[in-house]
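Following are the structures in question.
Both complexes below contain chain A, partnered by chain B and then by chain C.
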Partner chain A sequence: MQLFRPGANTIATVMIAAIGAAPVLAVGLSYEVMLSPYVTNQNISRNQPVPFSHEHHVSGLGLDCRYCHASVEKARFAGIPPTETCMTCHSQIWTNALMLAPVRESLSKNQPIAWERVHRLPDYVYFDHSVHVAKGVGCTTCHGDVGRMRLMRQAAPLTMQWCLDCHRSPERFLRPREAVFDPNWQAPKNQAEIGPKLAAGYHINTGHLTDCTICHR
Partner chain B sequence: MTLRSLSSLLLLSLALAGCGDHSMSQQNRYSTFSKAGLFRDGTEAQPLPQGTVAQGDPERSRQITTPPAVDMALLSRGRERYDIYCSPCHGFSGHGDGMIVQRGFPAPPSYHSARLRSADAQHFFDVITHGYGAMYSYAARVEPRDRWAIIAYIRALQQSQHADVADVPELRSKLP
Partner chain C sequence: MSEVLAAEHPAAHRWIASERADDLAMTQAVADPLFTGFGRRWWVALLITLPFVLWLFGAIGWLFYRGIGIWGINSTIVWGVAIANYVWWIGIGNAGTLISAMLLLTRQKWRASINRFAEAMTLFAVAIAGLMPIIHLGRPIYAYWLAPYPNTMALWPQWRSALVWDFWAIISYLLFSLLFWYVSLIPDLATMRDRTPHRAGQLLYGAFALGWRGSAREWSRLQTLHTTMAALGVPLVCSVHSIVGLDFAASLMPGWQESIFPPYFVVGAMYSGFAMVVVLAAAIRWGLSLQAIITHRHFDVMARILLMASIVMFYSYATEWFMGWYGGEHAEREAVRFEFTGTYAPLYWALLACNCLIPQLLWWPFARRSLFILLPVAIAINIGMWLERILIVWNTLSHGYMPSLWRNFHFTFWDWTFLIAPLGLFAFLFLIFMRLIPSVSMFDMRELAHEEAAA
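Then we have the complex of A and B:
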């Protein structure tokens, strides 16, 4: 008596292979989802109450990052400028621009502008801007080519793997102190040579940079 | 439905519920500048209550009244702060022709005018602290010590535009 048709062998092989492959594919798919912009928010431009252009203010006008983000050298938080900072210039120029109406309204009503947050770390992560800029990590190393961004977006995935990537060997990214806020800095050809010297000069203890308590306190 | 399929369904839903739990990554507290329903104006960033003395306030008050000694380190600091906060309008050389002025901001007076060359340091300090004319106050962004550093650098800029050949050692011999 013939119980199985000749094709049954193929189906059985495929089924056995599928049972083996399913967990691998499932894990692979989960990883892809975890690292996708859907979860990390990488490269997603957000709609803001005012379409503020870093391209115009950084590349066009040449403003230093610290002109607006004034606490970046002193505090954990780099600082979102108060409305007065915008009005330092816009009380005199573009005073009737429709685009800037929310800024004027914020000043007259004494209500902060509700910007959409672009970079958000999980609450169990401790991060301090001041120590990074003091130790030669430049703005654009993490924030990308801000001077070419019309609307702000998160250039890096901000995953733990991405953080550790630098914490394991920061010398690949370190800059001399005067270049930290340079929006156009590129690693020089001899970075492999000067990087370790910079790390030593900044007293960076690479042996402890990947300790759990460095970021999870 | 059998007991086995029920229990596997339960396990699956438990596993999926794990994905929706953000209590670790978004903890029940306000982060810097976040919306905060607790306060009437809806923001976490609250103005300091009246009469608050912040840590380091006595030292800051002291810095306002006692200008630091001028040395190369102070001048470098002054140059850095000047380039960040002043150069957009006053220009890198202090002629009042910065980028924002080129874009339509009313031109500030040149530091090289007779009036500002003879103005005392306190005048510059007060202008940085309180603003002047169209210029806003920079007190929130430039600490008292940095204001003195900027003033020292402005003095250097003023000297650079009114220097004699005799002011630079051995320059005379290098000139054709």
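Then we have the complex of A and C:
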């Protein structure tokens, strides 16, 4: 008695192969999704109430990062500048520019500009800008080439994998103290040589840098 | 019910109680009830178990919603019924593979009557056991963190955690049991395919029979594969329960930190598992009228194994007491004292009665062959083994190093739920299995019948 057509053999072989392949593919697909900008928001430029260009202000005018992000050396939070900081210049130049109307409105109504946040860490992550800056981690190491960004975007994936990649061996990214705020810094050819020396000089204890409680307090 | 094979008393052959058991009669005795249906008895049994299944899943839902605080656990006794259940169910599961693999390798032909349903018992028991650590997690949605999968956190499981060892022990054991069971099922599935009158059944059994034709080459390969898997299975059976023992032994608690735990857990598992096989064998023998195939002699040999295991268990308990005293550690001695005289002392005495005293009845051949004695003994052993597991948890945690942290465990409604309802789920799954798959390995039995000159 013939129960199955000859093609059933192919179906059976494919099914058996699928039992092995499906879990691997499912895990691989989930991993790719979790790493994609769809989840991480990497490289997505956000619309802002005022189209503030870091390219213009950093590369064009040469403003220091700390001019606006004033608390970056002292606090966890680098700081979003108050409208008054914008007005140090824009009360004098481009005073009638349509683009800057929300800035003037913010000042007259005494209401801060509602910037769209670009870099968002989960609530269970403790992150402190000041310690990174103090230990020779430059702004562009994490925030990317901000001097070439017209609208701000998140250059790094901000996954835990990405954090740990540096915390496990930070010497690859460390800069001398005077280069921390240099927007054009590139790792020198002898980084492998000077990196460990810098780490030692900053008293970075790599052994404890991956403890859970370093970031999850 | 099929009455193709009539049992005779005394048994006509060593392992087959029927004078004549040719290939057809043997096949019909096992397979035919599956085509005609089991009648009202089976439906009634299924309806009785169904509420327990719903109760269990409802309770798991409530547990996930409310958290594990619904149990009687507290900040001192952090483990409770779920962990005892886990160890107990894994232990039940142990015997199926042991019967199949160990008895196959040692060429104990009598295993043919009981190995199929014992392996099914293993599958269901291990699946239920695997549920227990997951529902005991504070955050069960993260249970998959136990698996090493590529993730954007760049984190691997904590290999020093006993929970991760459990994960590997259970998953490898479950997969192995499933494959081992399936491999030995293929020729019988082909028999079902060829005998079932229904088109749907032919297709279903046919698909799972993987085109089995019964050629000499197929038989030879099946035998090689089955024996090889059995050789892999025996160490796996030992490792899985050793890992369970290490969950306790790898800690620093008095009464747990003992190197005897892994072998002691393996024997304990075999003990409770065989006791469960006796119970199920009695049920299947009665339910499917298989008195000719599952003979009194089968119960006799299983009872001997139970007797042997009970002696080893008693030896293990005695070693614990002796080492507690001989080690001289205050906390260890205190742990033994607390076992005998503490809060749970009545349960401990009950445990000793169930596991060590009552099974001594099996020294008498009459007791081994009489189901009226053997069945209660087997049930007592299962109760005793559950008591052992819960007392391992309670005694140590209730009475640790820090007297200010001494607490007692109090059963809540949900503790009873998770103790009782899984039994219903197990029975439910087992009834479904009995209805769909031949409960006895037909091809093994045909072979045995030929060897016994009954065919």
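Basically, the second predicted complex is superposed on the first by the 217 of 217 C-alpha atoms of A that agree within 3 Å, B and C clash if a C-alpha of one lies under 4 Å from a C-alpha of the other, contacts with A are read in each partner's own complex, and residues count from 1 in each chain.
Keep in mind that, in the parts below, contacts are C-beta pairs under 8 Å (C-beta built on N, C-alpha and C of every residue); 3 or more make two chains touch, one makes a residue touch a chain.
Note that the structure is a prediction, hence the values are computed from the model and not measured.
After overlaying the two complexes on the shared chain, residue contacts for A:Pro157 are found with chain C alone; chain B is out of touch. By the touch criterion stated above, A:Leu3 is placed in contact with chain C alone, chain B being left untouched. Looking at the shared chain after the overlay, A:Glu73 reaches neither chain B nor chain C.
By the touch criterion defined above, A:Asp145 lies against neither chain B nor chain C after alignment on the C-alpha atoms of chain A.
By the touch criterion defined above, A:Tyr31 lies against chain C but remains apart from chain B after alignment on the C-alpha atoms of chain A.
Touch criterion met: A:Ala12 reaches chain C, while chain B stays clear of it. When the shared chain is aligned, chain B comes close enough to touch A:Leu63, but chain C does not.
By the touch criterion stated above, A:Asp165 is placed in contact with chain C alone, chain B being left untouched. Once the two structures are superposed, chain B and chain C can be ranked by residues of chain A touched, with B on top. Overlap of the chain B and chain C interfaces on chain A comprises no residues. Of all residues in chain A, only 61-64, 66-67, 70, 76-77, 80, 82, 84-85, 87-89, 91-93, 111-112, 114, 122-124 touch chain B in the complex they form. The touching residues of chain A, when paired with chain C in their complex, are 3-4, 8-9, 12, 27-28, 31, 34-35, 40, 157, 159-162, 164-165.
Interface residues of chain C, counted against chain A in their complex, comprise 149-155, 193, 202-203, 206-207, 210-211.
Residues of chain B that touch chain A in their complex: 24-27, 29, 31-33, 35, 41, 43, 45, 83-85, 88, 99-100, 103-106, 134, 136, 140-141.
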